[in-house]
Amino acid sequence: MIVRVVMAGLLSLGVTVALGWAVLDRPAPVENLPDRVASAMPESGVEHPVTAVLLNFRSYDTLLEIAVLLLAVVVALALREAQPDRPEQMGLDNPLLRAVMAWLLPLILVVAGFLLWAGSYQPGGAFQAGSVLAAAGVLLRLAGGNLGWLDNAALLRAGLALGLLTFIGIGMVVMLPGVPFLTYPDAHAGTLILVIELTLTLSIGLTLLSLFRLNPPYADDPADARTQGAPKP
Amino acid sequence: MIGLWSVPLLFALPLSLGILSLLVVPKWRPRLIFLGLPLLAAASLDVLAGLATVGPTVYRLGDWAAPLGINLVVDGLAVGMILMTTLVTSLCALYAWVYLRDHPSSTTFFWPLLWFLWAGMNGIWLAEDIFNLYVGLEVMGLAAVGMVALRATPQALAAAMRYLLAALLGSLAYLLGVALLYGAYGTLSMAGLQEAATNNATTQVALALIILGLLLKTALFPLHAWLPPAHGGALTPVSALLSALVIKASFYILMRLWLVLGPEVTPEFTAQFLGVLGAGAVFYGGWMAWRQHHLKQLVAYSTVAQIGYLFLFFPLVTNTGPEAARLAWDGTLMMLIAHALAKAALFLSAGNLILAVGSPQISHLVGISRFRPMSLFSFGLAGVSLMGLPPSGGFTGKWLLLHSAILSGQWWWLIVLFLGGLLSAAYIFKVFRMSFREGPQIDRSVTPPLTLDVTALILASVAILIGLTAHLPLHWLRMGSVFGVG
Amino acid sequence: MPWLDLFLGFTLCVTAGLALIARDMFRAVIMFIVFGLLMAVAWVRLQAPDIALAEAAIGAGLTGVLLLDTLGYLRRPFGSRVDNQDDRS
Amino acid sequence: MSGAISGYLVFAWSGVLLFGLGLFGFIVHRHLLRRLLAFNIMGSGSFLVLVGLAQDGRGVDHVPHAMVITGIVVAVASTALALVVFRRWYRASGRTDLPEDT
């Protein structure tokens, strides 16, 4: 144990010192990316630079990133099916909390909508709006709300798939004039990005919410908990 | 524009199929391969045709030039890896289509994971942007972890967890290296970095972090501890994919970045050090493989050993003169491809043998040669390539590396090549000795479906054939690299 | 000197340290959420309000909820041998 | 302006320290949840280095902002995946650490 602490201490100290050295010794960069972003902004279809980078200049990164999110859900679904659980019981079912939620929920939805719409000209966008949506779902569930419609597997999966499929679909359709993948025509870039963001928001919200929901629930009696048995040491 | 459609299809198609396979009923999930495999094969061949006619190109996603946008590089190396991936993954997918029939329905989630894995790998082969590589690594890594966890037994879960922790730590080290490089040079494009990078502490630390992170993901000795449980314990087609392809992706990034940044920045001892670690992997992995009692664990440790050969690339390519460097490049890539084919074949045929005797123990293979000659034949062919016997791809690769070592006067690597071959022979023959021994243990065996044997045999045969016709693929692989003619 | 930034950076390190050494797992997670919220403030100071929003919602919020949820799960005894080696490693 | 610039660098340095701290925690701890906390702290550290270094002396750069948002989403996906596996593992074995680590 002590050996491990000392080793870890030395290693992380070494890494930190090396990093510090790297920060001190760095050269002045030749390339100026912010300038390039600024000069390409008029063609991006949006006014907020971060949204332009995320959904136009470097939209391929965003595409793959959505795939990463989906992957987490796929694994959760797979493991859930491998060890089926009983229908879950969760939530506090507190009337006060419910009353608060009834007020809070529409507010949250409005905030999500605003964040999404705002993303084209000021901070905000699909990820923020999606996570606010997910937060609404989490709160609803903690309050004992009924999210039964999420148990409709087909609907849930369609919602999960919507964002990425739309993204890829639009990326492909715009290629028809003979331009590379994800090249939005200047005239429609703003609209296309908005459509992508809208579907992404929904899917991201659902994805994040499913990550929360798909964790195995509490088992009610310990007897059925050990479906697999402990491994031999 | 060459590959206008086929290049993006290489990742967009598997992604779409991955989503689609979530939407269809479980019974239909495997059947999507009959849509996907031909299309992906066509796209891969189209990219190859473009390379052969026009030469290496750059694909500008969104029509933005790097460094503002993300570019994809379609050179010989990328296309070679894409073709290798298409071949190996297709055969593993066919194998899995039959193999998973007898498994619980939760294993049908193999299919979405497979498509995402494929998309991640193709994304990595094509990437030219170092941050995009990070995202690609995550797509591939999380899909791979999910595949290991698929069995949902405690052992599988522990292996997946260990794998995940290693993968996450590796990605973070890589990401921090990227952060330093961006801070220093203001660009994420490899071409831009190659122009801008100078020799200073920032580049060195960044490269060190990137190397460490990728070594962990490649499972180079002594950072290999996560590999044997993950690769040895997974479902057979998963083991084959992970050992054949996934660990190659992080090595591939290392190779590319080394050629972009390495020679100017790194002191020669770093290259020698990587070579020494490789040698350690060859010896340790071979020794451990020989000591295993479980067939798939043996094959997994064999991967630990074979990774070591790839790392001889670094000492042989750094400051050694053009001819030796070119031979090192050729030899390493030949080893990489031969190992991908042979290891996939070895895992698949090992899986067939296990199915046949119903036990993962090597000692239970006694007498199996009479019942499953074809599985054993594939195992043997793949073994020939791993041992480096002529005329296999493994032999050609080692031969090229050997020449490179002699030309650059680094004779000590010859010992590694020679002893490593002996160790591989030892563990391969360990399996054979048991299989040919006559004993009372079994008098009958289960007959696995023919598809399982045929896919393994095809992979093993290609591992041999590629050694006979190495000239053309090696010529293609050099296109667009510093070793290419045009 | 950017005193406010220095103070914020220092506090970030302290909360991170506390999250890593806290004896009680629950306290560690709470410290981690505080850390995430401070990160959001740091992003505002770095003139990156987009990241601040994402960090507060995803980094601190969702990750925190997921971790707390898992903690609740750990309180349930599973298996015959729930190790009592507990949180101190 | 100069005050703001050195402010960026302060956060880059904090990022360096956070990465070091997180790495220490990641190696020392055996409890998987703690290792995940350490992983997230390391991640935050590298994000700070990314933005802080890029903006020091150059002013606001939106490209790393987008990269960090991507990074945060990737981190939460990885954490969620890890938690899913961890819960299954805990449920099957009753352990909060990995078997070979003692």
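A, B, C and D are the chain letters, set down in written order, and residue numbers restart from 1 in every chain.
Following the convention adopted for this analysis, contacts are C-beta pairs under 8 Å (C-beta built on N, C-alpha and C of every residue); 3 or more make two chains touch, one makes a residue touch a chain.
Keep in mind the model is a prediction, meaning the values are calculated, not measured.
Note on connectivity: the fewest chain-to-chain touch steps from chain B to chain C number 2. Chain D has its Cα centroid 10 Å from the Cα centroid of chain C.
The centroid of the Cα atoms in chain B and the matching centroid in chain D are 28 Å apart. In this assembly, the C-alpha centroid of chain A lies 19 Å from the C-alpha centroid of chain C. Each of the following residues of chain B touches two or more other chains: 131, 135, 138, 142, 145-146, 149, 152-154, 158, 176, 180, 183-184, 186.
Shared contact sites, meaning residues of chain A that touch two or more other chains, fall at 19, 23, 26, 29, 32-33, 37, 50, 57-58, 61, 65, 68, 71-72, 75, 79, 83, 127, 208, 211, 215-216, 219, 225-226, 228-231. Counting partner chains per residue, chain D has residues 12-13, 17, 19, 21, 24, 28, 47, 49, 52-53, 58, 60, 65-67, 69-70, 73-74, 76-78, 80-81, 83, 85-88, 91-94, 99 touching two or more of them. Counting only pairs that meet the touch rule, the chains in contact are A-B, A-C, A-D, B-D, C-D.
Residues of chain A that touch chain C in their complex: 50, 115, 123-125, 127-128, 131-132, 134-135, 138, 208, 211-212, 215-216, 218-219, 222, 225-226, 230.
Those residues of chain D lying in contact with chain B across their complex are 12, 19, 26, 32, 35, 39, 42-43, 45-47, 49-50, 52-54, 56, 58, 64, 67, 70-71, 74, 77-78, 81-82, 85-86, 88-89, 92-93, 98-99. By the touch criterion stated above, chain D contacts chain A in their complex at residues 9, 12-13, 16-17, 19-21, 23-24, 27-28, 49, 53, 57-63, 65-67, 69-70, 73-74, 76-78, 80-81, 83-85, 87-88, 91-94, 99. If you check the complex, the residues on chain A that touch chain D are 4-5, 7-9, 11-13, 15-16, 19-20, 23, 26, 28-29, 32-34, 37, 49-50, 52-54, 57-58, 61-62, 65, 68-69, 71-72, 75-76, 79, 83, 127, 208, 211, 214-216, 219, 225-231, 233.
The touching residues of chain B, counted against chain A in their complex, run 1, 4-5, 7-8, 11-12, 15-16, 18-20, 22-23, 59-64, 67-70, 104-107, 109, 112-113, 116, 119-120, 123, 131-132, 135-136, 138-139, 142-143, 145-146, 149-155, 158, 176, 180, 183-187, 192, 196, 198, 200-202, 204-206, 208.
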